[in-house]
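My structure is below; once you've seen it, I'll send some questions.
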Amino acid sequence: MAERKISFMNAITESMDMAMEKDDRVILIGTDVAGGAEVDHLIQDDVYEDAFGGVFGLSKGLVGKYGRERVIDTPIAEHGYFSAAVGAAATGLRPISELMFNDFIGFALDPILNQGAKMRYMFGGKAKIPLTVRTVHGAGVGAAAQHSQTLYGMFGSIPGVKVVVPSNPYDAKGLMLAAIEEDNLIVFSEDKSIYGMKGEVPEEYYTVEIGKASVTKEGKDLTIVAIGKMVHVALEVAEGLEKDGVSIEVVDLRTVAPWDEETVLESVKKTGRLIVIDEANPHNNTATDVASVVADKAFDYLDGPIKTVCAPDTPVPFAANLEKAYIPDANKVLKVAEELIFDLKKE
Amino acid sequence: MAERKISFMNAITESMDMAMEKDDRVILIGTDVAGGAEVDHLIQDDVYEDAFGGVFGLSKGLVGKYGRERVIDTPIAEHGYFSAAVGAAATGLRPISELMFNDFIGFALDPILNQGAKMRYMFGGKAKIPLTVRTVHGAGVGAAAQHSQTLYGMFGSIPGVKVVVPSNPYDAKGLMLAAIEEDNLIVFSEDKSIYGMKGEVPEEYYTVEIGKASVTKEGKDLTIVAIGKMVHVALEVAEGLEKDGVSIEVVDLRTVAPWDEETVLESVKKTGRLIVIDEANPHNNTATDVASVVADKAFDYLDGPIKTVCAPDTPVPFAANLEKAYIPDANKVLKVAEELIFDLKKE
Amino acid sequence: MEKKTALWIYQKMNEIRFFEEQVRRIFGKGLIPGFVHLYAGEEAVATGVMAQLEDSDYITSTHRGHGHAIAKGCDINGMMAEIMGKKDGLGGGKGGSMHVADIDKGMLGANGIVGGGFGLAAGAALSIKTLGNDNVAVCFFGDGASNEGTFHEGLNLASILDLPVIFVCENNQFGEGTPFRYASASETVAERASAYNMPGVRVDGMDVEAVYKATEEAIERAKAGKGPTLIECDTYRQYGHFEGDEQKYKSEDDPNRDRDPIIEFRGKAVENGWITKEEADSIESAAEKTIEDAVAFAEVSPLPDESSLYKDVFA
Amino acid sequence: MEKKTALWIYQKMNEIRFFEEQVRRIFGKGLIPGFVHLYAGEEAVATGVMAQLEDSDYITSTHRGHGHAIAKGCDINGMMAEIMGKKDGLGGGKGGSMHVADIDKGMLGANGIVGGGFGLAAGAALSIKTLGNDNVAVCFFGDGASNEGTFHEGLNLASILDLPVIFVCENNQFGEGTPFRYASASETVAERASAYNMPGVRVDGMDVEAVYKATEEAIERAKAGKGPTLIECDTYRQYGHFEGDEQKYKSEDDPNRDRDPIIEFRGKAVENGWITKEEADSIESAAEKTIEDAVAFAEVSPLPDESSLYKDVFA
């Protein structure tokens, strides 16, 4: 049987659909997750048509299938509905709450930082917060400084929050289903610029383990750890360097908090060299976190400096050429890799 | 002339007072920065007595001196008044805006993340945001999970924000005056558990350069980079190890974003060994950031793994014994240092 | 009011008051880390509301949460141990005064974040509605919290979704050291309800019966699917914002300053024949004893195991 | 209305409309990165308000900000270049459509964050008040933004401090695809003003004169130290939320759907003798030309230097 190929965004839609089908307690809440609430001509025989189905269209059709009781359009009031999602999660529902762009976290941080992430701990283990926060990060679509940030690292700094960043349709579906199954607060962060990317996705229900990185490509000379869209940059670099006889191992982190130390350390111990690619701004991000752990726990195995390739320490610029220069790409990684590869060729 | 000794908190009070005295455009805004607004018996001959002067008393007396037009009590509405502070800064005032506990950032992040930090960039250099955000971090006073976090690393991850964390009264005064002089958004984060610490503070107006670390103690075998209160832990460790014949260099980062790469790299190049102490939770924080830069730029000088000593990846617990176990201290640093010292003794 | 209800209310009022007096005493002795916000003086609100609730109803509370927790039926020994940071505390000593909680009792937690409860309560009500339960959620909040944006978002959301939630404002005239009349552009909190198309009632928060009745109506409305109600209870706190507060902002002529809701209720209850004097006396001494026992329990409870530091971050 | 004012208004209305039509056209050709939110249909609000303002007054704007920027006097060539991401843009191409700004003109920026302007405008008004200037700040916001907590916080703060600020709601009936009547528990935005002890007026936002007059009163009040006013302008957007929106949520019988504020104003202005037909015609063609020139200007403007990526993070 030929594997079915669907897009990254369709994989996510399908996973939400399956989770809602499977468990009545799963609800979806957010601004315009359906759209068109109370618009007469969008209601026919008690079935709802959506006006948006999410601004990116990822929840299209869900309100038709599950109704407005479970696909809840909210006022533009992120703090309010995120905090409602936490309250609902603590009392028996399993919400998926959508933050339209991760940049809007400035309006919804407390329900995550101080409530959802800490209730279980503060209450001595007596609360469960089965909440999946779906959000969208990343530059590349000309959306400028307030709609293009990469903030999963900020979420990842908070104890009590798990953060998942899928790089391909298969993982997106499996990680989303795993996230919804978990009794924890999980931020599921999607790179909007790869929504159209297609890949093989089984039709059935399956999960991908949260907390486990995947070795996308094996190699022996240099490890590139990458996150989300950056995995494809890593693969492009790997392909290029392979021609020069350098063998690259690509590790897709998949879960950025808590990330899979074991897989990363194992890879670096084998290759002795590490580059981490992260589209986040360069400080206090996942890349630096990975680098610091490796610099501690695999130091004796290192044959060269640890390199990180991130966005510069600036907001995301609007102009097309500047935005392109802002995002890490294969050229930038190759440039940074030179120092390591140079060492390599000397050996 | 004998130098005057005053407390960490008095140094901050004095610096705000001097800045307000010097420049009419400096205002202080926050919840209960004075307290007792419109309470008749606290007004005598048009002079105001404060009820709190800040919950920690750091702005005591300022409303009496500068009046309620410049020392502004706000409703409990952090987003509102932070965003007002940004608007005021963009239009001619130089506000000091107080976030009572850094933990409340969940109610005030957007004015920093998306407005204050980005306006200048988005507007092509045509805005100045001379705003000083005073806030308070740190565990150690039994204030539990929502009043004890160490979040300066989160602020530090945002381009367009400078973050200052003073470790002693002298720096507190000089850094605060420098912050208020700057035309940028500066987060000034104070560790509440060292408010009482005394130190020499000149009476006159002076500034300490933002962005410059200080080498608190010179040494040649091991560098300890530390932040805020952790500098004193570093000094304690240094003293202890000195007896074993190990010479420690202590670098007080002072500014955590953007931090002083030059001073840190120079020190590590000299000593070949590094420990970074940071009370923040262990991931995506300043310690890991420092470690990652050193693992890249000073790799060839390193004689051993880079160690970080941070709080565990948990919320701050309430119980006294647990809270004590949570905070990095000299014992924990010594334990971690062992591996490095061991190498050292071999030499 | 039924005798049973009056007895329950009087018991809980006394338990709360004695609890707070003891907390004050042992805090003064340095046995409690951090800071405590006492509920003394506001007992009529928690008990008046909770007399209408069942275990399966939810509440969200505030930094001043001891009274809510006791009235909602949280174990008093466990509360005292929690506040002292002991192993037998409701949260294993990991939360403390500001995070007393017991989800099984429908108590979703005291909250160190002012204005943190509006959405949480709306969310609990969303669970009730979605799961088809016949319950309500109650959100307690202060006058100061009414100026947080979360008030606006929570009330609006609850109203448009017709959620079974009741917003109970404890207007004790101050948020820390800032008078409500300065901080709020509206004269009352209740009048803001109209902006959310819900009833807003202002009651004498020193009068349990008034609170009790207003709550009854609000619950009826909520359970009939008509959505939320805002109840503002006019009250006063006996002590400072936190222990140690000089209270310079308080005035001789603050309304409610010289009232005590417990004394008032005792008078009314005896007068109306709900409770006899003897019953009242014995409730008082029993409550005092209950709290003394709780202190004794908490004092001998050990500190939590150090390993618990790392536990309960994730399920 | 004075002739001068009417001429100015009619010119700006036309410039805005032609601007948006051109933006729509070139966006369709793929010459503009990202997304654009068009102001077409709402011209009466920006021009009616701005006809009362001076350069030294401040405004905060929204994601739908082109109209505000033009009416506030921002350079139109610089705007078009900015929206196309060019070097000669007002922000050097680094901000784009959602971040058009010119602080020297008192335009504190379009804003990608819904509800981001309430506090900023209050802050600008705080500057005005503290520095003793005779100006006002105006905050434009949408019906959708009125449900953000920042609305509550901003209006309350401005009111208790008597700040010279005017909150102008552009109620175009929708926030993205969600009808205002669903999202808001209150029937109008204006009625919420009472919760902040300020006047709340609702005007026909398709009628420049109505907007103009309401603004005049609000400015008088603000400058007299009496504090803020909330003005709700009932309007409608001609196109989708952003370009590319299917607009499935719009109905045949949406109020204002078939009205055009520019045509209405032309009729009224000619009828009242404020403007002659000839003047109107020539304003229209001049405006069309101005915008065509702006497109030509922007098209030949180069992309920003790559080095500018790293500039202007700090002063």
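Should a chain be cited, it is by its letter among A, B, C and D, assigned in written order, with residues numbered from 1 in that chain.
By definition in this document, contacts are C-beta pairs under 8 Å (C-beta built on N, C-alpha and C of every residue); 3 or more make two chains touch, one makes a residue touch a chain.
No experiment lies behind these values; they were computed from the predicted model shown.
Shared contact partners of chain A and chain C, listed by label: B, D. Centre-to-centre separation between chain A and chain B, using Cα means, comes to 31 Å. Here the CA centre of chain C is 45 Å from the CA centre of chain D. One simple way to say how far apart two chains are is to compare their mean CA positions; for chain B and chain C this gives 35 Å.
Multi-chain contact residues of chain A (touching two or more other chains) are listed as 74-75, 77, 79-80, 103-104, 106-107, 110-111, 114, 121-122, 144-146, 159-160, 312-315, 317-318. Residue positions 89, 91, 93-95, 99, 111-113, 147-150, 152-153, 156, 160, 182-184, 313 of chain C each touch two or more of the other chains.
In terms of which chains touch, the assembly is arranged so that all chains touch all other chains. Contact residues on chain C toward chain D in their complex (touch as defined above): 147-153, 155-156, 159-160, 182-187, 191-192, 194-198.
Residues of chain B that touch chain A in their complex: 79, 103-107, 109-114, 117-118, 121-122, 144-146, 153-154, 156-160, 257-258, 280-281, 283-289, 291-297, 299-300, 302, 304-308, 312-315, 317-318. Residues of chain A touching chain C in their complex: 25, 27, 69-70, 72, 74-75, 77, 79-93, 110-111, 114-115, 119-129, 159-160, 162, 182-184.
If you check the complex, the residues on chain A that touch chain D are 31-32, 35-42, 49, 51-52, 55, 73-80, 103-104, 106-107, 141-147, 312-315, 317-323, 325-326. Those residues of chain D that touch chain A in the shared complex are 32-35, 85-87, 89, 91, 93-99, 111-115, 144-145, 147-150, 175-179, 181-184, 246, 248-249, 251, 303-304, 306, 308-310, 313.
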